[in-house]
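In the two assemblies presented below, subunit A is common to both, partnered first by subunit B and then by subunit C.
Up next, the complex of A and B:
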């Protein structure tokens, strides 16, 4: 029994070692640059969605009990362990995804498989998003800008868009940069939705599918409305772009995604509220 | 048994990987667009270009263009030259091609000694991949940097300037 326990300990330790390797740089940078208290308030330079999904991975690993003991150490965990010595966050994320893929292949326990599949989504989000935004940045920003210009033109006919610029006859009103794009927020929202769905409702239901659609729509609408308001005038821009307002928007977005996702996973019924 | 040879070896490997990570941790490495220090090019200044300083193209310190004025005797050839480092992606292309308050007559992009008429997103991605893979293997390979160039004069032949040397001067700061 104790040998099995140690096997579980090692698989879990390897998962957490991979996650630590991937996250240590932004966390350390946040603490060194801002001090511990400010870093804590800024969720250590890592989006709250990432910590949330790690929490749900831990819950799943804790729940799976003996399933993880049936997994035998093979060549894949050894390669992952050696690979984790490479000092690169991207390599660590890819290795975590490989380890999770290997666990998925090895186990048929649904709780362990849920933990592994959340791990795959978490690990691939960062390298995938980073490469997508490098290769297709122009197209991604142009789509956001088009949506903003459509919304603003409902109130102000003089506005038009040019690539990632919102303009009028007097000049540029707003430039939409990578950090303002809906894609980044969408990727975090999807991570939260997927983690909750896999943990609390492993099989996709109609309500679950609707909740995903609602999450996507609400994130895009929220971001486009925010950008449209900023492009209206300078006082709007100053108000929406300051740190407090930014934090408030992040909390609002997080709460709404959590609410919709838990509803989709049938953790509560709207009729009871 | 918890303390079997296999478990001890595996735990040691995990410990070493985390230790190596901590030792090689660089919290000041490039994590996106950053504020650049002004870096006038000697070569350009020796070629009748007067350095005017940095000019923010947006209302934040990111994307500040280095601006030069060509001191030509011919009035028609007087014009501004914008150099804009774009280390991450193509988001500032529109700022370079239509700089606020000026009309650009020509704009192009420089990446690793080659000149491109449009932003070389695919090439930058490949070069960055190569650079990171080389660095992981311990080989020193400079992080690729795209520098956008825009000019407001119609008759300046800026595409023929010694860009390799100019970019080196900009990067050396």
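Up next, the complex of A and C:
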């Protein structure tokens, strides 16, 4: 039996209910603790990459039209519906991932599948990231530190790396902690790239693969350059590490990732610019 | 059925994966709730002038407004 009009909206409503459950706590905390204007300044406590991918999921759901009506309402949406009564963001993300996996299994419409795939990546980004960073924390920081020491050495400064420390003859210059690593930004950049690619170029092209490589390289290079410049002297550190500079850097990263990703999805041609 | 099995396997894996703790300094100096565990650790780190998180991609109002504008444009 095909799903009727109300069931179509039930599937969409379940997706949005899951996302609301997952995001309501940081958004509400941001508004109640800081006020609306300050919450807006902090993008409501949720990264802009997350809002962007939700926007593209919504665009895909609007486009898929009849496809969602052909899905038979089954036991999985029912379990998700009951599970969403649990007031936990982690449970909500897991349920959203399960629902998205179920939609992938049920539908062969590429627009609906794109929305579901983006949902899976969005829902699993946070738990995957926290597990990866806990499992490979030492290795990731050591890799970042090594790249920074190589770059600083290019500027004729005698430094060497030890675990997550940049050192010179006088002592420790820079400590690279978890928050300084490229991993978090890589996960957001991948989310943006994946959302755009799935929406505008569902099949991976050579240009799409190049754009992913460019996105990864640009984020790592940006972070390593930032850390290397900070480790050179105290005035550099003060300049790069202030609030205005942070805002500028985050916007620069966002614009470059969006630009490269839209180029990879062939939304525009560089020859026309 | 294959897709949902993959999703469920990933979720199960995430829930049961072992959690390592890095004991090398300076990771041992901080944890999730309190950055500074010991005063000695704090003093040591403060003598080195750099230790703080970097900017997140698209954090802040400009990033939020930018992605909102792009989504509104794409929805047209």
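Keep this in mind: the second predicted complex is superposed on the first by the 268 of 273 C-alpha atoms of A that agree within 3 Å, B and C clash if a C-alpha of one lies under 4 Å from a C-alpha of the other, contacts with A are read in each partner's own complex, and residues count from 1 in each chain.
Everything that follows uses one rule, which is that a residue touches a chain if its C-beta (ideal position, glycine included) is under 8 Å from a C-beta of that chain, and two chains touch if they have at least 3 such contacts.
As the structure is a prediction and not an experimental result, all values here were calculated from the model.
Peer 1: Go through the superposed model and pick first if A:84 touches only subunit B, second if only subunit C, both, or neither.
Peer 2: A:84: touches subunit B, not subunit C.
Peer 1: For A:157, is the partner it touches subunit B (first), subunit C (second), both, or none of the two (neither)?
Peer 2: neither
Peer 1: Identify the partner contact of A:51: answer first if only subunit B is touched, second if only subunit C is, both if each is, neither if none is.
Peer 2: Only subunit C is touched by A:51; subunit B is not.
Peer 1: For A:251, decide between first (touching subunit B), second (touching subunit C), both and neither.
Peer 2: In the superposed model, A:251 contacts subunit C only, not subunit B.
Peer 1: Just checking: does A:235 make contact with subunit B only, subunit C only, both, or neither of them? Give me first, second, both or neither.
Peer 2: Neither partner.
Peer 1: Once chain A of both complexes is superposed, is A:13 in touch with subunit B (first), subunit C (second), both, or neither?
Peer 2: First partner only.
Peer 1: Looking at the overlay, does A:28 come into contact with subunit B only (first), subunit C only (second), both, or neither?
Peer 2: The first partner, subunit B, only.
Peer 1: Quick one: name whichever of subunit B and subunit C touches more residues of subunit A.
Peer 2: C
Peer 1: Just subunit B (first), just subunit C (second), both, or neither: which does A:137 touch?
Peer 2: both
Peer 1: Give one of first, second, both or neither to describe whether A:127 is in contact with subunit B, with subunit C, with both, or with none.
Peer 2: second
Peer 1: Taking the stated contact definition, name every residue in subunit A that is touched by subunit B in one complex and by subunit C in the other, in rising order.
Peer 2: On subunit A, the overlap between the subunit B and subunit C contacts is residues 131, 134-135, 137-138, 141, 163-165, 171-172, 175, 177-178.
Peer 1: Touching residues of subunit A toward subunit C in the complex: what are they?
Peer 2: It is residues 40-44, 47-49, 51-52, 55-56, 58-59, 62, 76, 94, 97-98, 100-102, 104-105, 120, 124, 127-128, 131, 134-135, 137-138, 141, 163-165, 171-175, 177-180, 184-185, 188-189, 192, 219, 223, 226-227, 230-231, 234, 237, 241, 246-247, 249-251, 253-255, 257-258 of subunit A that touch subunit C.
Peer 1: Give the list of subunit A residues in touch with subunit B in this complex.
Peer 2: By the definition above, subunit A touches subunit B via 2-3, 5-6, 9-10, 13-14, 17, 20-21, 24-26, 28-29, 32-33, 73, 77, 81-82, 84-88, 90-91, 131, 133-138, 141, 162-165, 171-172, 175, 177-178.
Peer 1: Under the definition above, what is the set of subunit C residues touching subunit A in their complex?
Peer 2: 1-4, 6-8, 10-11, 14, 17-22, 24-27, 30, 45, 48-64, 66-68, 70-71, 74-75
Peer 1: Within their complex, state which residues of subunit B touch subunit A.
Peer 2: 1-2, 4, 6-7, 10-11, 13-14, 16-18, 20-22, 24-29, 31, 58, 88-95, 98, 100, 119, 121-122, 124-125, 128, 132, 136
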